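Below: the structure, in structure tokens.
The first chain written gets the first letter, and so on, giving A, B, C and D; residue counts start at 1 in each chain.
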């Protein structure tokens, strides 16, 4: 493992590119995420936001460029070595992806036991603690199907936290939710940010971005077109594509 | 046909109730919609908002109570007579429901020709005019599948307008859309309202409700719990359920 | 004129044969007749013991008649009764294998053997024979409506004649009926149906069978054939112990009377009545055990095959997810080939193909073929089940660092199997229907059994209909049961 | 000792028959011999004209040999050649129906008739016969490895013997072989396979057929039966015009030589070689026309049935959406019943059941049954297609005021049919496989044809395999074609 640029950047993205066959999805993406930072990624549909996020933890293998996490270039790692890295990056999906065949508690315990080789009691303690933290202690022994969308997403966050990650990746965590449930999920995310968790969040919740994000990255046409503070991006976008997009979103509110 | 309460209420809802089997979906709903008014309906998922809207044009037959439209009690009409009423109430759905086997133009022309017995040329003129109005003149001869969500919903609105309705019903017209497309649909709706169309809109777009609605009705637990101006509802809700719901939605922004 | 000449020659041959018979018999009798007290012994005993093998209707057969008890009936029994009556003794019937019948007479365990026995020269070596009391041979069945059109074999020239394929009748009809069009079928019942539906004008069959049909079905009539066959093959006689001349002669006296009064016709008619009881009266209920056996085998084959099929299918499905290309290729080829060819040809291939190498019974061959077939379909079901698990599940597991094996074991397979239970249930129900094909290699499934009942009852359609209903009830009830459990499973989930 | 006695009696019968024959012949010859110039005429002409019906291997049969041309070969032909050679004339073969063979001799159109003809008394009325030149009869086929174990019919006591069900051989084996276990099967080829796989120890069949097998397959051997049959049925002789004594005598001289030198064995061996050419050498290619016909019928049945099935299915599906309860009930009952019972039993029901009322050919019955079956499945496909159209479509149409009919016509059915094309295509492919079942009622589909080829070539497995491949290619290619068009349709949509 090569060690480069030992600074406070927890993730460095260098010239990242991704093709599906002939189709270019990402081209020459660069960026840094510092420890404790919250980055929000916004942009139109099909811009490549999800693909970019999935390239960060190698769910998708980049075609070119590198992703350096804790000083290690992830694109150079074998599948086996990747497992260790993925432990350190939790991920939360738009569609929750809870395991419907297990209770909430089992959902939280599975990875700690199978991957971290925790004992059953230890894993149980972690699960209880985290469910308490997301306000779902009462739902430990139900199956995901009987939860509301907001509850499911909070369980998904707890499940990712159970692996004690250094970074959390969120891919539109609230866009599959009924409006009155959006708040409870964003609330948990805000708490996480306040506690100093490094987070990369694809979202269209402007309120959250304004309040929580250190930086907002605007993606369109397979590239990051603008990076700035939320205030700048929302009130004074520079790139015309950004301007157009922000305009449309503000108009809708 | 019996004529009652001839006043400026275009729709009167009196003691409306709806059950599915044992399950009560709507109970004792009352309300009036005056000509030219825009009513927004908000409320948590499962409250019965869609069912209520569908009871207005008899897509769902109410179990009890009456819906008086233009002085006619719709619940007393035969299926044949209902067709004439439905012409006068356009409806727009969350999932667009365009006919995928027809071009956009054909989508607009089908009902005028088959129901209103318009000539082909006449229907064509209407379609061209309406497509122009929703800004989609260039897309007359494509199939719905190649349109974006926002474009589809605008076509759906144009299709409903082609029957020259007196009232338009909207069931969450923007909640299946990517955020940057929400604006274009709300824009078309706002224009419609400005032109004096009577509208009943189920939506969670607070901005739209604040700007356009004359009244906001809050539904929860199968009933309308509060009716008021948008300002009152959003800044000063009276009912604790409304308070809770508005609170959650505002928090999320 | 030509005909009468033929007749003359035959009579001449017959005459010669009788003389010859007499001569041969006489010569051997001479040595034994001195000590012949056979008739006396029977009269002293008051019983005439006969040996027979009651499995040859209408000569002699078991009848579980209307009154329930099993008795041996048939034309031969009537003949024996007549002889016993003439001797003023009781008739005792000893039932045994046909092989043992003559031995019983030779060893004195029975006084006589009767049972459609042709007095062949070989047999005359070991036993004495009575006169021939009935002459069988070949005949034709025709429609009753055609009796005026088809009066004799001559009238069959240029007509359609049905015969069992590969039988003596086939060759005889082909050689002796001018310009005939021969329709060969495998089953006599099918031939009779073909006759009744006027697909053929006549059906060639052995005389006693034909008579049995005639007795059971007024819509058909019999005409004799004019094929030339020797008495040795068509005549039947009673066997006695060598030298039992007095008893033989006594029997011959009865036979002479039988022939004079043409009693065999009467006997045959009453045998026919028993056969009628045996078939029409008891209807399909009488054969419930046949159908039950068929249902049992059909369920057995389906059950075993679907269990083996699930194991094989699981194996094939996992092969599909292997990292080795050739393993995937084998699984794909097998699945595609099996799903691309009819089960019928697969059953034949297994039975006859594998049969060349190892000696496999039909039932086992059938189960193997159906299992191999089912495995291919089940593998697709399982593969479908695995693919039906949302991609998000795999991604979530990967993002948590779970290994491929853990992903399969804890996440994908449990969900896949829950999704495919209904499909596996349907596969089992489908096998109940598909297993009907194994009947072609002689496995006693429901179809095979219905064919037996058809042959036995001379009723062409009813057994098919009964089997159809049974199949329907099996699939119908199983579908309900599966739906019930499926519903329960869904219910249990949502709790 | 017993055996030799039997032999003595038979010799006596034979002696008598010869004397008898001589006597009858002589008496009729006397009147004609005065003008007999038959031999002279043949010699003058330089040609011996024989009539035969070349469809009875190994006696005489068509051979499309290795060199391509069709010729008539067989033991009888060799016998005739021998006679012609002895007379120093050319042999001319006239091929005709068996019925016409003797007539040709009687009317002088041929000098002699030869063709496995048994010299029955009836025939002796119209023609003269030569001496018997070959004696057929019954025999057994055994495994070559058993030659030391099974030396004669005696050794079959207590063994398993296979015979065609319902044939003379069946009865003979049952009556004459002590303690035998009889296995009946329908097809000779299956019996031979059963023998080779040691499921039976011997197979009873006619001698010439047995010899043909032996000639073609070194792994089987033949032993003669000791059943007692008369020469009239087993012997074959040459027929001449009544009174053609000089020619008959000349032929008899040749036959005497043939018998002395045992030439028939040699002839049979060379006939066997032709049969060998006819079967093994040309392999499956030789039968391509059989397979082609089978493929043709299979495709024909599938095509017609799927078209009729689609019409019926559409009708049933629309009935399902009727407002009248009983119309819906009929459609549901029909669909459920048909889908709950095997096609095999349905085919039988249509063929034999409807056959009782109207006279339906097998092919038509098969097509009707498969169509009725397919209709039920297609109706479910169409119903599924209609249900697969999103509920939102119906709601949108209703909100626009469209009538139910317009809704179906313009919105639901066009979308439904687009969704179900692939399923309908698969149904057609499934029918190709399922139609294999109509072979059981004798429709000449691919399975039926493969059974013919099996019977014809004495090869048990190869034809099955070929048919399997043909089925696979049919379904495989059709699947690819369908996928191609499906892809195209999808492509066309997104434009």
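FYI, contacts are C-beta pairs under 8 Å (C-beta built on N, C-alpha and C of every residue); 3 or more make two chains touch, one makes a residue touch a chain.
Treat the numbers as computed from the prediction; the structure is a model and nothing was measured.
Colleague: Could you work out how many touching-chain steps separate subunit A from subunit C at minimum?
Modeller: 1
Colleague: Looking at the contacts, which chains touch subunit A and subunit B alike?
Modeller: none
Colleague: Take the average of all CA coordinates in subunit B, do the same for subunit D, and state the distance between these two points in whole angstrom.
Modeller: From the centre of subunit B to the centre of subunit D is 74 Å.
Colleague: Could you work out how far the Cα centre of subunit C sits from that of subunit D, in whole Å?
Modeller: Once rounded, the distance between the two centres reads 21 Å.
Colleague: Note the residues in subunit D that touch 2 or more other chains, in rising order.
Modeller: As it turns out, subunit D has no residue touching two or more other chains.
Colleague: Touching two or more other chains, which residues of subunit A qualify?
Modeller: Where subunit A is concerned, no single residue meets two or more other chains.
Colleague: Once you've mapped the touching chain pairs, tell me: line, ring, star, complete or other?
Modeller: Basically the chains close up into a ring.
Colleague: Any two chains that touch count here, so list every such pair.
Modeller: A-B, A-C, B-D, C-D
Colleague: Provide the residue numbers of subunit B that touch subunit A in the complex, in ascending order.
Modeller: On the subunit B side, the touching residues are 44-45, 174, 178-184, 186-187, 204-208, 245, 248-249, 251-253.
Colleague: If you look only at subunit A, which of its residues touch subunit C in the complex?
Modeller: 54, 57, 59, 83-84, 86-87, 89-91, 93, 95-102, 110-111, 114-115, 143, 145-146, 156, 159-160, 163
Colleague: Taking the complex as given, what residues does subunit C use to touch subunit A?
Modeller: 390, 392-393, 395-403, 406, 410-411, 414-415, 418, 493-494
Colleague: Considering only the defined contacts, which subunit D positions touch subunit C in the complex?
Modeller: The contact residues of subunit D facing subunit C are 2, 5-6, 9-10, 12-13, 16, 20, 24, 97-99, 118, 120-122, 124-126, 164, 166-168, 174-176, 178-179, 185-186, 188, 190, 193-194, 196-199, 228, 230, 232, 336-337, 340-346, 348-349, 352-353, 355-356, 358-359, 433-434, 436-437, 439-440, 442, 447, 450, 460-461, 464-465, 467-468, 471-472, 475-476, 479.
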